[in-house]
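Shared chain: chain A. Partners: chain B in the first complex, chain C in the second.
This part shows the complex of A and B:
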């Protein structure tokens, strides 16, 4: 085929490409380069080679102690929230795909929290769950149950963060699944019914294969999105969170903007980024295996 | 079919890269809270009524605009704005101060780049415990000439405050105020328990707390507490004060070795633990700010917190509270404190007129710091603190009586590494009964030392 060069397609993507380059590609590359330097934000950066990475493996370095525990906390969070965010939103999407009373009201209700910022979402829940004046504590007490220390006692601290996250972010996946469900041909359900499939059978054999592409997209974006957890612990504890809920980006922020060790902070995010690429690649392979 | 796959693959890559970008772009993602609040000082366009009298040595100011950065995001921001507005009105046509309120953490991150790029403010507020750090970074002007211009003398300030910003014999700041920890107490509860004098020792403190800890409605549960020790903030502030009372320096002279894991620190932390779990005069496992809501609900008698909390408690209409210096449990009555100083930033293009205007403004605020006291700060100027008007501000005055024992962090450029970062989590784990004080403090100090070492 004879392809002639045309400027027009490039013009069309130019606005996005520009923003993408300025705000994503450039910082990513700069961050990568920065990870090989010692830089305190002010004086001239000093090249230190792989030292910032080496510190992550040196058991005498602060970064070793903090990086692995905080990264562990992030992973724990990803492992808990990603399946919940997918299963619950898919369940709700299927439920609200049926004709029912107040369907649009419920659709709105489940989606609405997404528009809130993390600050607002956390502040709302912080007051709902507050031990002394919160409404949850009040009703637990009225029912004769023990008040729960949602924000200061294990394992409730994690539970609180997970609840807030799910309530807050459910809507995004919910919308994607709603759209995906529309694409599944009605005839397939009818055919399945004729073959004698019950609800579960229809879900397993028609719905799931039908929304496979949506599922892949949701899985990858949710996983990557949850790796970015930062705001929930930060807001709930005003920046002074307990060790067991300090996630990697909280520590990176501390290293970069409290201790001014930009190089070490960059190195940690590079490792985090590579981990995310690897996980996404694995997810891609698994989902495509039987395509 | 292959082509479709190619597109899908491409799409997937774009999604991955773009999401990744948000992470790698240096933690500047949208998930970061932006508490930053900017305000422009809007001068009223009132007719130039009262032209201020001119001092002899003062240069001629004509439409000089200066920028002023401060960190007063709380109720104190309004108090400062009142003073700025008054200054602008008095100097209409001559000097206009543009005040910008920026959350402290953001401001400190911006300063260095602002100075480097020539957009630094002419004058700013800096916390005393950050001055050494920024002086070392070379962005501050020496303030000795400014102090001379204003004719300020040591005799007008508490000496520890006056000397606090002197580094290698040179001054870098002009003290504006002190914000220190103190005691808020519920007057009614003390009266009901028959306590006429505030406790002066550890034992008296415990006894008073025990007297006021009780079950008021007879349901078998304690619902009124002597005090409240929150595992979260402000536990660290209380800890620093009590550890200092018991003999800890918090950080040694070298400015890089924390000593709050020594016997004094352990004793202070143990006492805080005991108040919750041994004497049972404080609720367990309070959530962030739980101490504040309990005190406002009139369920706690002694609340130890910083003076900045004053406006919040004042706004609780039916709360009958008074203030006093921080409770003493050790050999001194030290209370952890901070201080706001005026500093002057290096400019790319130095402008003597602007600098003179900034100096005049600093002098004005210092002279008018009674207005500042109303917003809940203890003014640095002795003349203001000794005035009858100030003494009439009973709640602020209660704190001011503890001023002589205000304990500032020792000079260090590693404040975040030795205090701000390691202290809160270790207090959380001790006070939620997850770790024993001695081992936990030792571990935290070990980490703090490693964090200092990582910067070298």
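This part shows the complex of A and C:
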């Protein structure tokens, strides 16, 4: 193409860059700045330095207990769901990687829930797990077991949220792994077979190294995605959320949009954001360590 | 598989054959059970929605409804305090316009990043990619303030416009556009076509698969979005379906027939889209995993 300066290329990228700047970059910067202010959204913001952060470390401050409890719950949720979302989806992807009868139907069933909203996923499972006439309870009864109060009894409250999440989101990773497995050269399996490798050996020595990049991507995106948990507790319990399932975003939402303490809420999201970046970086280091 | 043992002892062959058959049965059993668990909820929602509430609360479980009725659907569509029809309409027009806006804005930008030479091109593009690492969680509260300043609270624009600045769409389309042969542009330039004509008449028509993939992913993401529409709307009539249904969920907490009718209605567009666009949806998702 011609060498002389032309304005046209910039016109092509301008609309996107404009939206990107206004709704992606500006908010990130504003968020940082807001976290140093005390602001009730009505009167003028007051600069308070690091006080919003200090409050999160001061056990006498109002946010202290709630922040750490809900942050802990988010972390607990991430630690439980991420391995499950990875292991189960990889397992299914490997089973469905070979040609088999009804393969397309099976695949469809696993990614169908992904296209639902969190609300619909929660509504469906609330009905399935319903205390008195839910089908899960019905079959537990038929097997001579007690009905479980899935939504009101520990530790089932947690388990319910985990079950809904796995059912709802597994399909995304399933798709990633299906694609990743296609990239593993078939000859490597044949070579391993000639060497007498059994199923486990093939998985460990051929499959896993072959999908390393996919695995890294899945690990990072799943972790980041699960950190954003908000809807499941919010929808299942509304305003009557039990303390042990209230997650950080539920609390941030409350601080920002119920009590309008914008600065404190911003500081919490900054801490959360930094935690997420650090965890991704650690995962990156660990995955690259043995390269 | 199995070729290597063909010349072995006959007994070994038979044994191995047996093991393979058993493994196959186990495999089908495992997948069958898992797949049933994953799929039954869909069936159960529909089967609940089309039966009268008296039957929903029957202690005895009947998979097939004894009476089929549309009363649950009628109940939710005529409930004036929970305008499910309006929410459906809101979700639909917002998701459609959002998908079109993203296709337009992202394809324009992707075309420039993939096919044009200009100063700072690679720097800007790498910067965009770098920002994909920023957790969007930090953006919600400031974005609320921004759209409040613009006056978009309770307006469809709040859910149509902001996310159109995202980088994923540009990235996906750029990779696709970059893979198209360069000679196409050169021939068009010889014919006297300008950048925009090349983009509109050559690049876009050749990129249908990528555009459809992106449109489906974006439509679904927007249709199902929860946190942002919850923040960006206050009026009951401005809600989108996922947010509206939450209140509805609490209100009808004991009428599961009605609730499942609501869930069925919310399920229709995404499931239809997935059924017809499965190939594009899967390819689009897989793309981000492979190139990511």
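In this section, the second predicted complex is superposed on the first by the 270 of 291 C-alpha atoms of A that agree within 3 Å, B and C clash if a C-alpha of one lies under 4 Å from a C-alpha of the other, contacts with A are read in each partner's own complex, and residues count from 1 in each chain.
By our rule, a residue touches a chain if its C-beta (ideal position, glycine included) is under 8 Å from a C-beta of that chain, and two chains touch if they have at least 3 such contacts.
Predicted, not measured: the structure shown is a model, and the values here were computed from it.
In the superposition on chain A, A:168 makes contact with neither chain B nor chain C.
Once the two complexes are laid over each other on the shared chain, residue contacts for A:92 go to chain C alone; chain B is not touched. In the superposition on chain A, A:217 makes contact with both chain B and chain C.
Shared-chain residue A:128: touches chain C; no touch with chain B. By the touch criterion stated above, A:24 is placed in contact with chain B and with chain C alike. By the document's definition of touching, both partners, chain B and chain C, reach A:119. By the touch criterion stated above, A:228 is placed in contact with chain B and with chain C alike.
In the superposition on chain A, A:150 contacts chain B only, with no contact to chain C.
In the superposition on chain A, A:53 makes contact with neither chain B nor chain C. Counting contacts by the rule stated earlier, residues 20, 23-25, 27-28, 30-32, 117-119, 126, 130, 133, 217, 221, 224, 227-228, 230-231, 234-235, 238, 249, 252-253, 256-257, 265-266, 269-270, 272-273, 276-277, 280 of chain A appear in both its interface with chain B and its interface with chain C. Within the complex formed with chain B, the chain A residues making contact are 20, 23-25, 27-28, 30-32, 40-42, 55, 60-63, 65-66, 117-119, 126, 129-133, 149-154, 216-217, 220-221, 224-225, 227-231, 234-243, 246, 249, 252-254, 256-261, 264-266, 269-270, 272-273, 276-277, 280, 284.
By the touch criterion stated above, chain A contacts chain C in their complex at residues 1, 5-6, 8-10, 12-13, 15-28, 30-32, 34, 92, 95-96, 100, 105-106, 108-113, 115-120, 122-128, 130, 133, 135, 138, 167, 170, 172, 175-176, 178-180, 183, 193-194, 213-214, 217-218, 221, 224, 227-228, 230-231, 234-235, 238, 249, 252-253, 256-257, 262, 265-266, 269-270, 272-273, 276-277, 280. Touching chain A in their complex are the following residues of chain B: 12, 15-33, 105, 109, 112-113, 116, 137, 231-233, 236, 284-288, 290, 293-294, 297, 299, 416-417, 420-421, 424-425, 428-429, 432, 434, 447, 450-451, 453-455.
Note for the complex: chain C touches chain A at residues 1, 4, 27-28, 30-31, 34-35, 37-39, 41-42, 44-45, 48, 56-59, 61, 104-106, 108-109, 111-113, 116-119, 121, 124, 128, 131, 133-135, 137-146, 161-167, 170, 189, 194-195, 199, 220, 223-227, 230-231, 241-243, 245-246, 249-250, 256, 259-260, 262-263, 266-267, 270-271, 273-274, 278, 281-282, 285-286, 289-290, 292.
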